[in-house]
Amino acid sequence: MIKRSFFGLVKPKLQYEIIDEAQAEPVSIKASKQIMLYIDQSLENTGNALLKTGDPVKAGQKIAMTDSVDYLLSSKSGQISKISTFVGIMGKKFTSVTIDVDSESSQTVDESFKNVCQTPSLENARDFLAGLPGQPDFNGFFDMDKPVKAIVVLGVDDDLLSTTNQYFVKNNIIAIKTGVDLLCKITGISNAILIVPQHLEQVAGSSGAIVKTVDSEYPSAHPELIMQHILASEDGKSKSKSGIAFFSAEAVCAIGAAYNTGKLPLEKIVTFVSKNGNKQLVSVPIGTPIQDILNKFNETLNDGDRVILGGPMKGISAFSAEYPVLPDTDAIIIQDKNQITERSDTACINCGECVRVCPANIQVNQLIRFLEAGQYEEAADQNDLFSCIECGFCSYVCESRIPVFQHIKLAKHTLESMKAAEESNA
Amino acid sequence: MHNTLKLTVSHAPFWHNGSSISSKSRNILLASLLAVIPGCLQYGPAAVGVVTLAIASAVIWELLINFISRRPISVGDGNAALIGMMFAMMLPATTPWWAVVTGTFFAVVIGKEIFGGIGANPFNPAVLAMTIVMLSWGDLFDFNAALLNYSFDFNAVYPLVLSKSFGALPAESFVLTDLLLGKQIGGIGATFGIGLIAGGVYLMLRGYIRWEISISFLAGIFASALFFNILNPELYAGPGFHLLTGYTLIGAFFLATEDSSSPVNFIPMLIYGLLGGALTVMIRNIGTHIDGVLYAILIINLVNPIVDKIRPKALGKGV
Amino acid sequence: MGYFELIIACIFVNNILLAQFLGNCPFLGTSKKMETAVGMAMAVIFVLVMAGTITWVIYTFVLVKFGLVYLRTIAFIVVIASLVQFVEMFLKKSIPALYAGLGIFLPLITTNCAVMGVCVLNIDKEFTFLQALVASFFYAVGFGLALILFAGLRERILLARVPKPLQDTSIALITAGMISLAFFAFQGMV
Amino acid sequence: MPKTIVQEFTKGLWEELPPFRLVLGLCPVLGVTTSMENGLGMGIATTFVLFGSNFLVSMLRSIIPQKVRIACFIIIIAAFVTIVELLMQAYAYPLYLKLGVFIPLIVVNCIVLGRAEAFAYKNKVSYSIADGLGIGIGFTLSLGALGAVRELIGNGSVTVWGDVSYNLLTAFPSYQPFSFMVQAPGAFICLGLMLCVINAVGD
Amino acid sequence: MNDMIKMVVVLTVLSSVAGGVLAAVNKGTASQIEAQQLTFVKGPAIKAILAGSSIDPIVNRFKIADGETEQSFFVGKFDGKANTVAFEGFGKGFGGDIGVMVGVNIEDDKLVGAAVTVHTETPGLGAKAKDDPGLVSQFKGLSVTDPVGVTKDGGQITAISGATITSRAVCDAVVQAMNSYQKMKPQIQEEIQKVGK
């Protein structure tokens, strides 16, 4: 954990992790006995669920509970042993699907993608590739109101400690090139931009895309800021999110590989950070429980420890070590109980630290007063709630240790669901 | 998911820079010692008594209020102790116990707790309490009379009284280096200039106070004192005198910078400080009060919510 | 007293609200939100300038002349009340935009001690017509300034964790007291 | 539920006790309560006006046209205020000097006009008198209490009326009055704290 | 139309009745009010200064015109002689004008006493000038030609602590009174003879 520097006069600087020359190759972790997939869909009525306990699944098969466009891909073949629903962050409902994995020798592979991979298109990308590592999102291309004008490939990690995407730029630039070319082909967009940290600018040159660099201080690799600072200078007015499709470097590699080989790559590269701060890249099948990774590194968990999926600033914490690696899990961080700073419910003391660090120029000190009082609409009208890019910096520096970021997310979520409710009533 | 391991589940971010209210209070208390210890050496055990009583009574008032309002005990954050210390720094060493206790009551209870505790006070609690006790028991805080029984190796007249009554000439009898070294009478923690400056610089460098406020406050004093001095050099003392006498330094580094009652944006901080400095000199030169710092700080606290509305455009809200 | 001193005295030193205690009901009633505070401030400036001068004229040229000084109170309140009515009707018809802004505050002004108080003070202090005009305007400005500064603080206090029995009027009064204390800063400046 | 005359009277002493429950008429409350005597005097003057205007407004309520009712109330109130002003000058001159501008200001006191409009114009004479007296006496007691507290702490004495007074300094000679209480800011803060106590008790 | 007429009639009748009643009350109280003003504003001060007079100074008063204004003088009789007058001077204090009643023995032109009549000073500070004899007692025995001032300004009067401004104003008031006394002495002597008889 990075502490306040002795001289607090200057803004705190949080540096992104830099993948170094001597970085070890990812440690490969074999599929364990079970994998688990968390699907962002709830099963209201088990009767018409697409899958049932006991169903066999093949590696690469689409796993979804309903007919909506969202799905995951099973990384292994096996048999569904359990389906359950649970409530996650902000009251969202999830379904977890547990699959008992077949032995290595008896793996079977779903062939439906192989049949379409000869004719790459946006439609079959959306139908088969959204569950790839890096979770590529193709839905934006189908929104006719906001035509996509540029593809941006993030060869940077947008949270601290993770080196996952940099790994692909550094070691797999050819795969990125393949992926970018394919994406350009199926979308008909010629404008592809690759964002990389400064130290990888050289390497990135051979990708064929336009290369842009971001500096090494958090949160400059945040997509919103990339849009503001790097892309806006390109094209003056386009400050809104519309018109740009973001893909992670890992996703681009996976897309390229999928079309080239007809096989869906379902191994996720994850930056694993142990309690004592050691970092190691691992390659695991999507759905592997975190416990398997812990076992590999002989890491033991005790009561009160914290398991974080994603980076230290924006990740989520898991309630159990059985939590699986998901397509967008770039990092897994284990914190010992005594590394955790307790949050408090002290009021804001107006120290102003949050205002100084906020990359979106939000008056967080005022905002938090409205949020704590539950006045979300006023917070949005008068204090720019929706300008927040969710970097978490304000909570990181808060002297009162207020969970500012959590309040912000809760407020945004509440307002958005109120708006959605209104619209569906209208 | 059926194991019994209880992991900590919480919200992002999972890192924190380690800052806390109590470490801030601790550091400010430390920095204030640089001025308070020399003050205690100068005024002897009575000063130590006033300081300890002020801190202790401030903490006890806060505890009492915590109990009465059935809220969590908040003395641990050190803010009550800090308020007590700030209040004591302004007092003469001869202040009777009941005036100290009444003062800390107004600071902690009326100044802060009834607004909802830390961070909610619209005015600096210590300054508020000081003006209230000064209004009520003026003669206790008339430094000339209060410190009559001490004998010093320097001119034991409160410098601001001289300049108020007799203009700039007697003010010139004070050598600036003497003033810096605390060779003047005044509040326990308000006279040792070097200590206050060192403490202030320490706090600015460590980021515990917003340097913009302190620096612009001093700049405001300097500029307006110079203006008056040029206008009428016989009547109005120069900037050096105003910078090093009365509550100027404690005001600039320890009082005006109180978090809750001061702005956080850059331009507002400058306006806030400059206005405070200018008002201080105006009150000293043409108002009734002997020292202007306290009232100037109350006025800038008052305009703080309005000036702090000057702020940069949020992301995506610009033109 | 020169006009500059008069102005400073009216706005700061003898602030009608904080030093003379006049106009407290609208002060507490319209300071919860900045918008209403600004509206009330404008309305008071508008009415007070008219009321201050008209009552001065009536006092000097009617009441004094005919020995009816004892009718001062009744004459002044009638003038103020009808003035407010008249202004309201006039604005409604002629300047609807301004009426929309000030309209709801106008009836409150009839029972605003500050307005009546300034009219009486103008007479008690034996001001000339011009002094009465200047004083009325700047007393009103002082009222508006205090009101707006108060609204700034109150907007923040409304969001703070004020203990239950102190909420609203109680804490507002205490804050007003602190503002009045802060205004002691200007004492003796004129 | 219709109230009895007694209830109309007693409501002014607690349920609608001004200025604590009905937060109106604050200017005299803050301005004159530097002593108990001033507070009581102001309260009695206001009670007289309240009584008179409630009585007359209620009596004339069938004659007073709806449209010009406010003008009529104001004339009635102003007449009573002037009478009080003149009577005080004639028979209680020292008090008149202390209350100063606040006596003519009874005419704009929100309580008086408020009672005329909200109560007397709609109710029988007997009820209106009970209402006026109740509110007036409640107001007097509040002002007296506030005056007593401020005077005791801020001046070390309490003057009930004329020479009837209590001097704290005889019992505690070393007490130095906390004169903040009798100054302007002390008025607001003292009233605010009393309101807090009343709220806390009321709950 | 009926409404309109009713409105006008009611308002007119109400106003006239109110006016009439007030005129009556005003008339009935006028003399009492004047007496009260003298008794309570000036009375205590006069009584304090001219304590022991064998005649009532408030009854035995006369007025002398000074330019546009008139100044009242109150006469005290001691040892059978009407030899002392009390009259008022004004100075500008912290909160406004301060009136000071000054008593002068016309035989030796010395001050027999002074007392504050009206002021708007702060309770506990400037208001002490009236309540506390410490300040005004210092004037007793001064000659009308003596310069008067607070010690801070080089004079002989010790100011009330914390209220120099008030003290200065009281001195100014005394000086003003002494000046007008010197100016009007001939008329005063003339008028006082009448009272003496």
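By letter and in written order, the chains are A, B, C, D and E; residue numbering begins at 1 in each of them.
The rule is simple: a contact is a pair of C-beta atoms (placed from the backbone, for glycine too) under 8 Å apart; a residue touches a chain by one contact, two chains touch by 3 or more.
Keep in mind that what you see is a predicted model, and the values were worked out from it rather than measured.
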Shared touch partners for chain B + chain C come out as A, D, E
Common contacts of chain B and chain E? C, D
What is the chain whose Cα centre is as far as it gets from that of chain A? E
Nearest-to-centre chain - CA centroid comparison: B
Whole-Å distance, C-alpha centre of chain B to that of chain D, is 41
Per the centroid of Cα atoms for each chain, what is the distance between chain D and chain E, given in Å? 31
Which integer distance in Å separates the CA centroid of chain C from that of chain D? 22
Approximately how many whole Å separate the CA-defined centres of chain A and chain C? 59
Numbers and ranges of chain D residues touching at least 2 other chains: 71, 75, 78-79, 82, 86, 154, 177, 179, 183, 185, 189, 196
Chain B: positions in contact with at least two other chains: 110, 114, 116-117, 119-120, 132, 135, 288
Multi-chain touching residues of chain A, meaning two or more other chains, are 347
Touching chain combinations (by label order): A-B, A-C, B-C, B-D, B-E, C-D, C-E, D-E
Using the touch definition up top, name the residues of chain E that touch chain D in the complex. 3, 6-7, 10-11, 14-15, 18, 21-22, 25-26, 29, 32-33, 36-37, 39-41, 118, 122-125
Chain B-touching residues of chain C, taken from the complex the two chains share: 148-149, 152-153, 155-157, 160-163, 166, 171, 174-175, 178-179, 181-189
Report the residues of chain A in contact with chain C in the complex, numbered from low to high. 347, 369-370, 372-373, 375
As the complex stands, chain C meets chain E at residues 70-71, 74, 188
Please give the residue numbers of chain B that touch chain E in the complex, ascending. 138-139, 142, 165, 288
